[in-house]
């Protein structure tokens, strides 16, 4: 086993451990903290995939913004979340069936694919070409439409979320 | 060198942990966090395909960026809905939301 | 190259290790004489009743929300800024359209009074 | 490469030749050099804090017509070392019911998240931790992790005051991070790279001449990111007992303090690197030590400004502060970025003086327009009628005028 493989396995196992803790932890705040751990582990895996930009974007957006937002929302809805609450649905054992089924199906289908065990990389060794990405984002033959559509998506999310959550009188509890 | 299969199996396991949480947990906040895990598994898949098979193309990168935007939008609206539900019903358990029941 | 990440990883580990080591050293140097009064949580006046639950305002969530949207905007704008030198004027105009659409969201929040700290 | 011109790389070369001569594999030598280099850099940064504290206390003392520390050592230089020895022997109290892991790790993150920024700062032409090609975003991302030091501290303390002020602090940080993130676009745009060393190399006129308003907004928001006066609401002693670190004692509290000082010097370093030309100066390319000196002088000047602001400004009220960032700085920074992009594209790139003149003119126009708008808004609110808004916009127009 090479050093890279050991690093990969450590990062992957840590991420999976954090993900399992996210699912089974009862206190919501601790669950959010475990989520931060899982996101950090995923950032390490992004780094191992030779991506530069998305490592920092993962930390900046997921940990710096989304996790903080989740923590704020946990604080807002915290009153009823103490330990003596039931954390799973009554028939939670049944959830193993779809989850396990999807996992088995995915691995079965993927293992029949030729490129499954390829080790050769085609990505540039010094990270993605951010300049080309930026140029393609605004070029009419490139990804101009997704670029503008995503801004409309963000606008819709902003307006919708404020409309739903903001209550003019008193600003909520 | 690490084979592509390791990343794909890792992403599949992560996706299924998230799926299990989405189905099994009662708390809506927790369901949302598990959705984040599933989206991250998708991102790992996309980036590993980019890294191993389509390193010269930009589609995968744009796709990942769009998934980031979609995840942000989903979190924002989802949390807003949870907060609004909490305000009206003082609960965030999915089972207790039965106002549509006849 | 992967070297950069190795350096960053080493640097982060060291920059977490140094304060941790200092705290550990201070922990061994300092006296330990806990007593019941010293270990209570600081309060103004009476003791805390129940969990430390505080009233929370939805304002925190709104600010986090707008920050999240502008943060995600930066995913698209940073590659654009890197390519700024080699792009035509139309690319700049598209980015300005992108920014203007998001400013619409900010204006909505403003008009709704959501930017007001109560 | 001689020892006098570039001592650090000289020693690194010598060391790597020595280690390779012992027959070690090249990868291991690289990792060893990385460990030695980053360990030295981080240690120097931590010890540098004692000098910073002395410098700040001395200057604030002078401004307030006092002497400042003057007993221990020459000019009181060893005062902070004496303080350090004292705080090492203070008791660590961990109150009942703390959440052990977040409580312990919070001060470590608070320092580590600041220290990690030093990994990408170019100190001279070829002395830079690593030439990360996404350095700018790395700095922003590390800042996002720094917020978790505060969240963990507030949550772990099991104290309602700590929790409340931690979330106030985080709300403040993310509010000011919005214009901060947008302002970082300007140096990236003008240099066409996210690598900090490339940004420094591209500053043929310093970027402060091309984007003065951008530099101003960057300066204001980065002070707010540190949480110093006038933005020190997170630890407003008179309102929230002591901020999120109320339950901390001994060196754990001291680490938050260290992180604070280190952060305020780090933003001066960033300001010098992004807008004041970094290590650039006469003969800096040939003799890297000179670049180091230039960079040090520039960042010390920026740090002096930070201290000056702390000594002379009163504290904001929280609603004024939030209004200032959301209603003034965010729209202004978006305007500055988009207009700078547009005008710089229209101006000829090779006529340097035309570019400087045009961009400065643009900045003056935007500044005057903002000032006028704030005046109008102050008299007749644009969107809503509320007394607090009037106060806030008045305060912000005063602030902009002063800046």
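Observations on the model:
Residue numbering begins at 1 within each chain, and the chains themselves are lettered A, B, C and D in the order written.
Here, a residue touches a chain if its C-beta (ideal position, glycine included) is under 8 Å from a C-beta of that chain, and two chains touch if they have at least 3 such contacts.
Source: prediction; values computed, not measured.
A comparison of C-alpha centroids places C closest to the centre of the full protein. Here C-D and A-C were compared by C-beta pairs in contact; the pair with more is C-D. Note: centroid distance chain A to chain C, computed from Cα atoms, is 17 Å. Averaged C-alpha coordinates put the centre of chain B at 21 Å from the centre of chain C. Spacing of chain A relative to chain D, judged by their CA centroids, is 29 angstrom.
Contacts with at least two other chains are made by residues 65, 68-69, 72, 75-76, 79-80, 83 of chain B.
Residue positions of chain D touching 2 or more other chains, listed in rising order: 132-133, 137-138, 140, 167, 174, 177, 192, 194.
Residue positions 53, 56, 58-61, 64-69, 71-72, 74-76, 78, 81-84, 86, 95, 113, 118 of chain C are each in touch with at least two other chains. Of all possible chain pairings, those that touch are A-B, A-C, A-D, B-C, C-D.
In the complex of the two chains, the chain A residues touching chain D come out as 29, 33, 36, 52-53, 55-57, 59-60, 63-65, 68, 71-72, 75, 126-127, 130-131. Of all residues in chain C, only 58, 61, 65, 68-69, 71-72, 75-76 touch chain B in the complex they form.
Contact residues on chain C toward chain A in their complex (touch as defined above): 1-2, 5, 51, 53, 55-62, 64-69, 71-76, 78-84, 86-87, 90-91, 94-95, 97-98, 101-102, 104-105, 108-109, 112-114, 118. Those residues of chain B lying in contact with chain C across their complex are 65, 68-69, 72, 75-76, 79-80, 83.
Residues of chain B that touch chain A in their complex: 1-10, 12-21, 23-27, 29-30, 32-34, 36-37, 40, 43-44, 47-48, 50-56, 58, 61-62, 64-66, 68-77, 79-84, 86-87, 90-95.
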